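Below, each structure is written out as structure tokens.
The following pair of complexes shares a single chain, chain A, combined with chain B in the former and chain C in the latter.
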Partner chain A sequence: MPEVSKMKKPDVKIVLLGDMNVGKTSLLHRYMERKFKETVSTVGGAFFLKQWGPYNISIWDTAGREQFHGLGSMYCRGAAAVILTYDVTNWQSLAELEERFLSLTDTANHDCIYALVGNKADLTDSKAQLCQDSDGLVKDRTECNEECEVPSGCPTPPASPTSLPGVMLRKQVINEDAVTLYGRILRYKGLEEKSSLPAEKMCFETSAKTGYNVDTLFETLFDLVLPSILRKRQENQQSPTVDLEECRMVGSKKGRSGCC
Partner chain B sequence: MKVSVDIRHSVQHGDGTKPDWDGIMETANHQEGEAAAVKIGDSPLESNQPADSLAASFSLLENHMFPDPVESNGSAAVSRIEPVNSQPPDVSAEHLGLDEKPPSDQVMKLDPEKTKTECQNDVSMQPADGTTEDDATDNDQSDSGEFVVTMLAKAKLEEQGIGVKGRSSPLLEAGTQESSSFTSHRDEDVTADSWRQHRKHVFVLSEAGKPIYSRYGSEEALSSTMGVMMALVSFVQSGDNIIRSVYSDEHTVVFLQKGPLVLVCVSSSRQSEQQLQGELLYVYYQIISMLTQASISRIFEHKKNYDLRRLLAGSEKILDGLLNLVDSDPSFLLSAVHCLPLASSLRDSLSQILQKAITPNLVFSILIAKNQLLTIVQEKTVIEDSRLEPADVHLLLNLIGASSAFQAGEIWTPICLPLFNPDCYFYAYISYLDPPECTVCLLLLSTDKEAFYSVAECKRKIEEAMMAQNSLSLIAKAGTYSVSQVGVSDLRHFMYKPFDVPDNYRQLTQFTSPEMEAPYSSEEEKMRLLDLYRYMHGRIHSTSRPLKLIYHVAERETLLAWVTSKFELYTCFSPLVTKACAITAITKLLRWIKKEEDRLFIRYPPKYSTTPNPSKSSRGGKSDQQDSTDNGFLSLL
Partner chain C sequence: MSVKAFELVPAVERDLLMGDKARINIECIECCGKHLYVGTNDCFIHHFLLAEVASSKGKPGYLAQKLLHKYLGLKKPVAELRAASALERLIVLCEGIVFLVDMVTLETVPSAGGGGAKIRGVASFCVNENPVNTDPFCVEMGVLSSKRRTVQIYMVYEDRVQLVKELTTPEQPCAVSLDGYFLCLALTTQYMILNYNTGASQDLFPYNSEERRPIVKRIGREEFLLAAPGGLGMFANAEGVSQRAPVRWSESVIGAAVCFPYVVALDESFITIHSMLDQQLKQTLSFRDGHILQNFEGKVILASTKAVYVLVPLPLERQIQDLLANHRVEEALILTEGAQRNIPKDKFQNLHKRILQQAGFIQFGQLQFLEAKEHFWKGQLDVRELISLCPLLLPASSSFTRCHPPLHEFADLNHLAQGDQEKVLQCKKFLISYLGEVRSTEVVNGCREDVDTALLKLYAEQDHESLLDLLASDNACVLADSVPWLEKYHKYFALGLLYHYNGQDSAALQLWIRVADGELQDPTRSDLFEYIVDFLCTSSNVDLVWKYADWALRKDPIVGVRVFTKRHTSKDQPDLNPDDVITYLGKHSQALLLYLENLVLEKRVQKEKFHTHLAVLYLERVLSLMSQSPKDEEQLTKARERLQALLRESDLYRVQFLLAKMENREELLLERATLHGKLEEHDKALHILVHQLRDFPSAEAFCLWASSSRDSAYRQQLFHLLLGVYLDGSPPGQSGDSGELEMAAVDLLNRHGEVFDAVRVLRMLPEGWSLQLLRPFLGRAIRANMHACRTSRIALGLAHSENLQLLHDRCKKPVFVSEKKGCHLCHNTFSEPSVVCLPGGVPVHTHCVAQRVRDSPTKRHTEPQFPSWTLQLWS
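Right after this comes the complex of A and B.
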């Protein structure tokens, strides 16, 4: 990633929020590095840059711990999208989103997009146990199988029970609950349900472990924040100074990324 | 179930009172609805009775922490209590309750003389023939709610479940920590024998007796044990004394009270009380570095029985990592920082790179490789005010080491440096410069919460400059050195901590030490050598009889420790070395260190100026800038 780090200011900001141990870091890691690994509890917030076509998207992976709660609104400032993450096997993690995390998004953009993500779907859903990674499907599948055999493969020992292949856990949060919460979020934000993005589109169930729905989640969001990037660019163009470096970079990086 | 306890009071008369457990249980039964039920005699004349209760509490703790499962002949417990008031303890019908707060503001040293309460506890546990566990459980149930009895029954049950007697090396645990970090010590069975075999236990609890942290096993499972600990602390406190340590044959129990937190260490490592206390202080500082002292006091002022684990959840690994490091890294023992040996020209060029990449409110730029310091650049006015203490650097290094999440992306997190200022936060930017290897780490500390993007920009500059100078590959070649470079045949290992610091640069205390090589290559042997060093260190720094020079002939090696006004030196020789030989070797060693000084130490830490108004970055100014609302804990209260 050294070339990424040399890039200029990001165009748009996406923030991952949610209770500790729901798998925020694992989700991002699965998307960025295309693998699942054991993570430790995040300290503060971690900043990542993702190149999406000609755009630089910054993703903030925040700590879910109460200790860092006060920082949440800072990480959310000016965010174009917020990913509210919960654990499908833990009802409380969904409740926490409304109680603890929703108010943090007050500092986000007015047109901020909200996504509700139920992670650890592989623990409750057999279809989520299949790998969904678009690239290297075969390789990844064997990798997953290996991971599944390791009982300690669960990233978050205290909150989530370890998964054994074939043994399904009780799903505590069904998609309908998330859809209802999504409605309440829109109301909290004072947004019209009709003019906003539909709940069916913005509620996801994912598995960072198998990669189920992870790419879909991030790529859907990236596409949705594009208008906000373009608007921001337009505003910048109206300013008298022209950022030559940015233009050059757009040209050189375009061919490299394989998403568009 | 038949249990008899013989408590002899050596302070009084040889055959003193001999209460048995049934007696104590009876007393306990009279106390209805009390959590802790050790009663203190109501007549001041019967001064032996509180001491007996105290002894009983000790033995309760002993039973749970380290019962002697096979031959329960007796364990001598010596408790050292620091007198803070020469007044005789007031023993007027007081209950040793967990919720009672003795006045703590009278803590002052009036009497330098130390009272030593020596209690000889003959705890003989004789499970009668045919006793089944059911009996014990019955007992337990009939007296449910009675603290002492529950404890006793628990200890009893544990007695019967004697497991495999095997000592587990803490270093081995530290080694496997990485891989098995998720099936960690949190899930350990606290009633198992293996739990009691751990070399060093550390517990943190609140003044209300609420468990906050345990190194091994879950805090919930240990709440009764921690209750007994708190009972001991508050019992001694009720006599306007402070409990410092309890000694038994096998273990040393050290107590440290810091604000609303009580830290307890139960160790079989044979370290001195001062050393163990120092380690507990590190644990306290690590907690402070995550929460700040101000917010901890505020939280407990508002709610005495607040469960601090809510805020520390997720940080257990950082504390675990610290304790493993304390056991395996001599930096903590020496209170000095180990820096990576580096050609002084390279170190200077790295410092210059850091010096150039600045932004307002940046106060420290630190470069770390292989968990050792490469260089450190500080804000000018900060140096004038105070210097960075080794302990703060240790906490930073531990934070980086304990969080593998740092290996990807750029981290922005609040952190408090407790010795610099225990009440406010710095904002730390942490990023690895050589992904995916992740050995070279950049740490930038700012006082501005919002400065992430400008601080991240500094990293870009540093990265570019390092790329241009090819610094990364040069750093990769640097590493620890071998003792053979000194050229003294009998010398196996040493640790050298100089005190001679150039006056203008009140620099970080550092030490240098070669790699531990054969015969100290295995983890066990490394630990054994460190234990020997700890023993020497303990003797040198003994409060009662400090020493300047020790020549110690151990079983498999000979050690020499020497403290002067200029340095502190610990050396390890082969066992057959003579005294004269060792002295010559040390002269040679000192000459070698002098010659290599520029490579082994950070000689002149450079500085920069990032604040236009110097008064702003002073210590006082900083606490103004970062008012306490920054940390976000107010929202919890």
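Right after this comes the complex of A and C.
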């Protein structure tokens, strides 16, 4: 059997997680192909290679459907960053992140970076609706939150939103909810809040449809995973795996450390 | 749309295997080289020889020849078969027992020394294709127990099996694959990787093996293909990481194999083929009663319950061409590049190039120029393929013919654009930029003429600004082909450049002159006339210059004369003889004047003839201006100034000749004074200036000018002369105010007192003049005298003291000079007693001192610093 050729070997892995229909595939399309197009619900998973400076970053798009849930751990294995995605118009999609997806990240790297992304901001936020250029950077997030504040005491999520142009939907998840969840994620990981990346930096609201904040999201993460790439390269230099025997040894060692 | 990547070819048909026995089913197969083994449900092993034959249409075919069949003597079906060809053994699983069978005779191998060649209670087993143990006469095997939750590793030898390792698993295992130390296992509820050497394990993902049959296939080093929930084919490596995106099978998938770059999967009614390169479904073949799908050393074999088939990959090139035919450029390229490892290097390179070129043309046809360019470039396209899309662009002399088989389907650009002229134009623009980029690279080696000529034609046709750059620099445009083309587009200036580049300057000039004269229209250069003149200036062909200078002079003498005045002279550009030029310019007076001015005033040619000629021309002009009425005073002043300047500054013209021409010309007294000055007839000159013109400033200026390169005595002489003229008063018979002359004399003295010899002046002055009048002059004279007197006294005193000093030195310390002593300045010895003594009593040669004084620039004009007294000493 011929040796299966591997494509350009990625230096680092980023994984998109989140419930079905929150827009993971759309976000990746928007970033990689600069457009918003029709998607079908992802089957299994897919990945893209992004050249970032001298590095190759693989970005995995996973399937949100329950059926493929079991594959999540494997996709997350060795990930340097995980993008936990929810839909700002769907409260349940945020809840699912904690209930269903957080445990999948147990296989990710110890220094894995977590980003919380509320997508479909265009449906609730006039700013995100107009923003076609994603370099327009984050306008004023706090100001935006005040504008879009949901009246308290109305927690029942409405039926799945359909996007009508110009009609604003009610925002079900405000940024503060995401910030709180981010704190809980850190606690789950056993990380100190002080020594971790701050929630303001790691909670994003995006729109794959208009491109709002999409570049900012990915490029912030790329920059944050660079140290991880460098460390990995250094490790590889320290143990050059030329010999096949040795190659196995290394593999097995990693295997062990990975599972305990 | 899909690709045809494989063809399903029957190998062993039903008849051959079971004849008409309806209840016999195929249970397992093994293929090893040409040997095909089939295990059936009635506990037989059938042995076939499988030969590849080409059928009539060039399609692949297989011919199976039955060699043997053997009943194994048990009641259950043969569940699994594996060949260990180095041992000449088949490993058989039947009725839960693994045992060995001879590959040739199919006889069961008796155990060596009791029971060692059988393993009981086996659910399934696999052979390690990439064992860590490298003993060629033993095979490593992973065995799943049917009752216990264990995996065992056995070594299989020719006549025995040996247990080397046993590991327990968390759940009942039901499928296994082995690579190196890594076991990939399907357990009841999940897949896992287990390192049998270290015992380390890695969970992969959950899978309900009771619900759906798991698939675990080793597809390469430390990489496995697994059936995942939802009908996915997942890849996982030994570290438990997926490095490829999954492919999507149906839920009912039975078997899978990798035949690079494809993943082949079998379900109840179809064979599906996905590319591992882009995860897309590429081909579907219907296949009923599918049962087994396995890859044996690169050969994918399938079996239904009754017959065996081979899935033959179509030649890669066919697949790629199919993709290209459907304009699936990306996929074609991915497939080509993915196949790099499986094709010899040079063959791959040729294939790759061709595919890149074809891809480029497809994109070109879709006006995706950026992508097309990249592919043309990478594929090192012979650019003439592109050029030939525009009719008539290639020169008639080109030997180019399009590549066969053709790289594209287009007859020409019009065909490509289906008559849309806007598109044709876009294509041409692309062609221009592409040719411009490649023309200086090695891609065009051997066809530079074709490329440059095509580019020239496109530039001309599109009125492109780079046309001139192309022609003005190194190029290989074919002249014969370009001439009619450039004429057609009225690019006459460019055509001239091309003639020039081809050494046909005369043709170039003739053409340009027709444009400059308005006979032909080409707005390229509004300054074409100047351009032609400059061109003649630099032309090394003198005949051309003589031939066309007349035209230039007639068109505009001032610009035209530049042909001669601005001529660059260098080795390969012979200079023109000025006499010839002057003769030639005879009828072009304005040009002649400019030419002479250039010779005399700018080039400063020191020849009497030219100077005199110029002076005469100046004079004639002055005279002609003077004879006009009304006079143009401004012009006249200018003309006289020029004449005067020349008369003053040049020393070469024939003075008498000019003087004769001005005889009796009362208007030209000033000029005549200058001429007299040239003849050193200063009295005449001053007479004219003082008495005839009464122009005292000019008289004074004359004295300064006439003595400008002479010594002070000469100047004094002249000033005294002028003073004399002033003091003598008006000559008899000429009316004039002698008081005016006296005032001029006073002014002269007061202004230029330093020039005069004061004593002589005092003697000349009339007695009656008041001192007050001459006060500035006298004051200055006295002060100067006093100063001179005192200075010389000081010098005298200093010299005296120095002498004393030296005398003292000498008396105190005798100066010794001998043949052994060296001179301080030249370090040679003394040969004669006369020496010069430097201060401090240092003796040196007299000639050395003299030399030193001469060489020292600061001392050249002063007295030698060293008081040089000569010693007449010889000790």
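Points worth noting:
As a working rule, the second predicted complex is superposed on the first by the 204 of 260 C-alpha atoms of A that agree within 3 Å, B and C clash if a C-alpha of one lies under 4 Å from a C-alpha of the other, contacts with A are read in each partner's own complex, and residues count from 1 in each chain.
Keep this in mind: contacts are C-beta pairs under 8 Å (C-beta built on N, C-alpha and C of every residue); 3 or more make two chains touch, one makes a residue touch a chain.
All values reported here derive from a predicted model rather than from experimental measurement.
In the overlay built on the shared chain, the residue A:D223 is in contact with neither chain B nor chain C.
Contacts of A:D111 after superposition: neither chain B nor chain C is touched.
Applying the stated contact rule after C-alpha superposition, one finds that A:E99 touches neither chain B nor chain C. By the touch criterion defined above, A:S41 lies against chain B but remains apart from chain C after alignment on the C-alpha atoms of chain A. Residue contacts after overlaying the shared chain place A:M20 against chain B, while chain C stays out of touching range. Contacts of A:E176 after superposition on the shared chain: neither chain B nor chain C is touched.
Of the two partner chains, chain C is the only one touched by A:G78; chain B is not.
In the superposition on chain A, A:E33 makes contact with chain B only, while chain C stays out of contact range.
In the superposition on chain A, A:Q67 contacts both chain B and chain C.
Taken together, the two complexes place residues 1-2, 5-6, 43-47, 65, 67-68, 70-71, 74 of chain A in contact with chain B and also with chain C. Residues 1-2, 5-6, 9, 20-21, 25, 29, 32-33, 38-48, 61, 63-72, 74, 151-152, 154-155, 157-158 of chain A are the ones touching chain B in the complex. By the touch criterion given at the top, residues 129, 132, 180-182, 190, 193, 195, 197-198, 200-207, 219-223, 228-230, 232, 234, 236, 238-248, 258, 260-261, 276-277, 279, 295, 297-298, 338, 340-342 of chain C touch chain A in their complex. Looking at the complex, you find that chain A touches chain C at residues 1-7, 43-47, 60, 65, 67-68, 70-71, 73-75, 77-78, 107, 245, 248, 251-252, 254-256, 258-259.
Contacts from chain B toward chain A in the complex involve residues 180-184, 186-187, 290-291, 310-315, 317-318, 399, 402-406, 408-414, 428, 435, 449-450, 452-453, 456, 459-460, 463-464, 630-636.
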